[in-house]
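Note that subunit A is present in both complexes that follow, paired respectively with subunit B and with subunit C.
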Partner chain A sequence: MSEPGTPIAVVTGMSAVTAIGVGLETYWANLLDGACGIRPLSRFDTTGYPTRLGAEVVDFDSRAVPGRLVVQTDRWTHFGLWAGEQALAHAGLDPAQLPGYALSVHTASSSGGNEFGQHEMQGLWSVGPQRVGAYQSIAWFYAATTGQLSIRHGMKGWCGVLVAEQAGGLDTCAQAQRALAQGSAVVLTGATEAPLAPAVLTCHIASRLVSTADDPQRAYLPFDEAANGFLPGEGGAMLVVEPADRARTRGAHRYGVIAGHAATFDPRPGSDRPPRLRHAVEQALDDADARPGDIDVVFADAHGSRPADQAEARALTEVFGRCGVPVTTTKAATGRLAAGSPALDVVTALLAMRDGVLPHVVNVHRPAVDLDLVLGAPRPARPRTALVLARGYAGFNSALVVRAPEPDPRHPGSTEQGTASSAQ
Partner chain B sequence: MLAEKFTLSDLIEIMRARAGVAEGVRLDTAIGDTSFLELGYDSLAVLEIQARIAERVGVSMPDDAVSRMPTPNAAVEFVNQQLAQGR
Partner chain C sequence: MSRAAVTGLGVVAPGGIGVKEYWELLTAGRTATRTITHFDPNGFRSRMAAECDFEPAHHGLSPQQIRRMDRCAQMAVVAAREALTDSGVLGEAPPERIGVSLGSAVGCTVSLEREYVVVSDGGARWEVDPGYGAPHLYHSLVPSSVAAEVAWVAEAEGPVTMVSTGCTSGLDAVGHGARLVADGQADVVVAGAADAPISPITVACFDAIKATSPSNDDPQHASRPFDLERNGFVLGEGAAVLVLESPEHAARRGARVYATIDGFANRCNAFHMTGLKPDGVEMAEAIRLALAEAGLPASAVDYVNAHGSGTKQNDRHETAAIKRALGPHAYDTCVSSIKSMVGHSLGAIGSLELAASVLAIHHDVVPPTANLHTPDPECDLDYVPLTAREKPVDVVLSVGSGFGGFQTAVVLRAPGEATGE
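Moving on to the complex of A and B:
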């Protein structure tokens, strides 16, 4: 990301929708408090399903979404519309006052509008084509959230959606940086997901990687001796990204810099070549002009199955040395949100920098890996550079480096860190 | 089975449930002669409303039905014509 002429991409607005809190500061306070959002699923009858738990968002009020859009979009888009509006407000931006063609939306989505689509398919097969609503044409598909945000806020610049399961949530932040390089003034990016409907949950279960435990506090234990799979959750995060110069000129608070990114893909199953997560990490560090010693915290992919946890620990140890960097994850608290989690982790990393604290991994007490996991309680720290990792089902790897806000050239030596908490 | 008569309140119920209500619009006021567009419903919304009317009253709608129901009152009148023809 350091090619000459490429604008520095800074994050100026953030929002979060999670099972442990709807809204940025509620989520963050509850995360530090050790909340766990995993609970029995309530949106459909789970009798007969081997997995009956998930990190369901129970306190999202769809009345917060414009009435016309509630009925024509899926739950995942409801989250995205709300979080997008919150992030823009957090950045102090009113898109209506800005030139539309300089505004972009780039989100990621791993499975689109699951609940809406299933409802329409049930109508098709139980009643007939006349039962399928007109909105099926626009509600289910991956670009729906990007499209609805674009329409709602008049963001008419380069817009798109990335589909790479978990990894898409980081790839889209890099895409936001590319949009700035193409001339966009503001990019709304991130991802939300809502995969807790019967058909999509069944797809997850078929992977045999989903936990079937019954105790919500013991069901998703990444890196733990008792790890037995992941649990999906709902929600995610949205971010506003702008060129650093623009943010500085308008006096916006800068939460951090998107400093480097790389994406790789694993060899085919059964290959004797190693997985490529390590290469994504190394290339992202290169892209950020960073050395392993510069990284103050890693937000891990934290899959929660033994082989995947071991593989991630191996990659981190190869790059950072044994217990060479603090490692944490939000997923034991929020569930695995597909593309939503990495976007949320970027937000969480920037909040960790703002407040000087590393969130801990909830529920994990007996790690089975040789990593410096943040366990038991939040850890006071002064992180300046963070690495966020994501692996997507079937072989996607993505790594993103974020840094604390760059010093203001008009005030050499200032980093904003000392004044950050006053801008909450 | 064909319904006896299709009313404005039947239509408003369908609009509310299947197409939602735009910000600043109140469907419980005199909206009968206000165009669907002015009420915040785009062509896809009118298509959805028309499909649900067809399902509710049991008539099949001609392909140009959407263009023949620019307002709620026009829609009610058109649907009742279709019902009368089908009887």
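Moving on to the complex of A and C:
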């Protein structure tokens, strides 16, 4: 990423769809307010399910998605279409005014159009092949959201889709940076997910990694003594990324810079070689030309199982020293959104820089790890550089460094923080 | 892009497991399409597929691996093992310098459907019974598990990911792998793709949009790219893996280089999820960019390995794109579609086509387009009908087109050309 001639990738627009709020500012206000989106699942009858909780997005109105597309796409793509449109608007961009080849969209997906796919399979197996509709071929597969966003906004540049469970949500931000290096002027990136239909939840349950607790406030407790698994949630985030020069020239607000990225993979189970999360962190810092002391906050993967939490804490301690950096996570509030969470964490990190506050981890009171967790209430701070982590089943690690934007050279006295507050 | 060298190949294909069998099938112009045997296809509009005669236990997979992995992962692992052995790279690079870039359009759908039928008791219930979920069901839900399985085989601890851009996944995954090598993020990338989509749900979804051929009474001749009588594609399955290395790394260890990947570009048509405009503008743009990246003029292209799916729309679209990008040279070069023989294995086919392109360079032989008996006036290029052709092949252009509007072009070059600099 730091290759000479590579454009600096700045984030100029953001959006969020989560169980604690649909829309960027609603989500952010509720996160700081300590909201928790985990609640009994309402979209189907969970009688007989060992897991009956999740972080459903209950106040998303699918009428916000253009009518024809509602029936042609899965709920995951509904979120993606809406969030993509919001992020472009937030960036003050009208894609129709830009040449198609200069526009790209890169998303991640971990499991595609779950509910839509189950519905079509039910038709097939209960009635017959003639019950499978024409849209199954375009709604279920992992590229559906990227394809629909490309068509909707006339994005004819390099478009792509990565699949690496959680890690894909960060890897796709790195793809956005590569797309800029190849000449794209605007890249829409991020991920949304909707894994709360019966068949997909059954797959999660089979993994034995999901929580079976009944109390929504005690069900997903990453890093806590009582950690007993995670809960999946719906939603995610989309971001608009542009070259810094272009954003500056058009006077766009710059929320931050995608400064560095690295991805690694753990040795196979049973190997005596060490896990590789630490190396992803170190390589991402190198890529961003940053030292551990530069990092002001870590948005953790926060799996919520004891061994995974311990492994993450160990990697962070090895790089940053004991309690060497504030660590937080959005997932205890929003549920674990697969590829959606890391994208949301990038957005959250940039909002934390904008407003000078670190969001806290809700519901966690008795940490089982030796980390400087942000607990109890948001912590005032002036974060300038943040590290976002993501791990994916079974062995994916990804790390992304984001930085507050440089002050505008035309107004050397101003900082982006100042610009932000005056823009409010 | 600085180049990535191809130093190993592995293939699981309809009509033959292994590179040798695959190349014999392609150069003989033999077709591997047949009536579906994986399930009872009665009641479906298209009842044919290019199936692999693939028994995972015969290829060294253990009972636990077989239980854990979807068929598509099994094929990916077998192809990866062949490619790694072929390249001799194992033990030659530290694990942290090895990456994986694997493509798949639909992932583990065979397992997901099989298990869905159980937990829903034959589609009887919306609120399925999680008590019947198989232990490795989550492995099937997230297709990235296929990339993980390949990473374990390759002992890869560098960047590992899955690229899933529908039917261009196999080209895009190898292109992404080549970029990881070119960017210096890995010295070795095990790149390729796998799909095993021959199951009722996938067959039914293509039935629903009439994308597949209904010529069920003559399966061997049903996949007819560029032929006037073409009436849709025939579904396939399989996997292909290419070992990519930086040319310096390959040279240092004295590896045999089959070819280099010199150009890779993507465009989207932003038009329709499944439809194609006849003008081929965006695919032509991808071709132009890939050639520019390779530093080659259109006239250098010795062979175009076509997407050639055999749908009315695609073959017309693609012919227009090739003419638009290559100009008069479009009529001088040769173009062929191996989908006529091995069907359309969705995301996997792009990597199978790249393997065929590498072999075309290696052997100086262009595989034919089988079943092309009646030329279509709208498809008027030299499609190498029926019979393979011996000719010097130094530069191959491989193109693909996928649901979602993805258009991809990859340029491969004979290794001698690469070492000339």
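Rule of thumb we're sticking to: the second predicted complex is superposed on the first by the 421 of 424 C-alpha atoms of A that agree within 3 Å, B and C clash if a C-alpha of one lies under 4 Å from a C-alpha of the other, contacts with A are read in each partner's own complex, and residues count from 1 in each chain.
Keep in mind that, in the parts below, a contact is a pair of C-beta atoms (placed from the backbone, for glycine too) under 8 Å apart; a residue touches a chain by one contact, two chains touch by 3 or more.
Just so you know, these numbers come straight off a predicted model, no measurement behind them.
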Counting residues of subunit A in contact, which comes out ahead: subunit B or subunit C?
C
So, does A:Leu69 touch the first partner subunit B, the second partner subunit C, both, or neither?
first
Does the superposition put A:Phe44 against subunit B (first), subunit C (second), both, or neither?
second
Looking at A:Ala164 after the superposition, I want to know if it touches subunit B, subunit C, both of them or none. Which is it: first, second, both, neither?
second
Counting only touches as set out at the top, which of subunit B and subunit C does A:Gly133 meet: first, second, both, neither?
both
Applying the touch criterion given at the start, work out whether A:Pro292 contacts subunit B, subunit C, both or neither, answering first, second, both or neither.
neither
Which superposed partner A:Pro378 touches (first subunit B, second subunit C, both, neither)
neither
Please identify the positions on subunit A that touch both subunit B and subunit C, taking each partner from its own complex.
72, 133-134, 137-138
Per the touch rule, the subunit A residues reaching subunit B in their complex are 66-72, 130-131, 133-135, 137-138
For subunit B, which residues count as touching subunit A in their complex?
17-23, 40-41, 44-45, 47-48, 51-52, 54-55
If you look only at subunit C, which of its residues touch subunit A in the complex?
43-45, 95-96, 100, 104-107, 112-113, 116-117, 119-120, 122-124, 126-131, 133-145, 147-148, 151-152, 155-166, 172, 176, 179, 183, 200-201, 203-209, 211, 265-274, 282, 285, 402-406
Subunit C touches which residues of subunit A in the complex?
3, 44-50, 72, 100-101, 109-112, 117-118, 120-129, 132-134, 136-138, 140-144, 146-148, 150-151, 153-165, 167-168, 171, 178, 198-207, 209, 262-268, 273, 276, 279, 338, 392-396
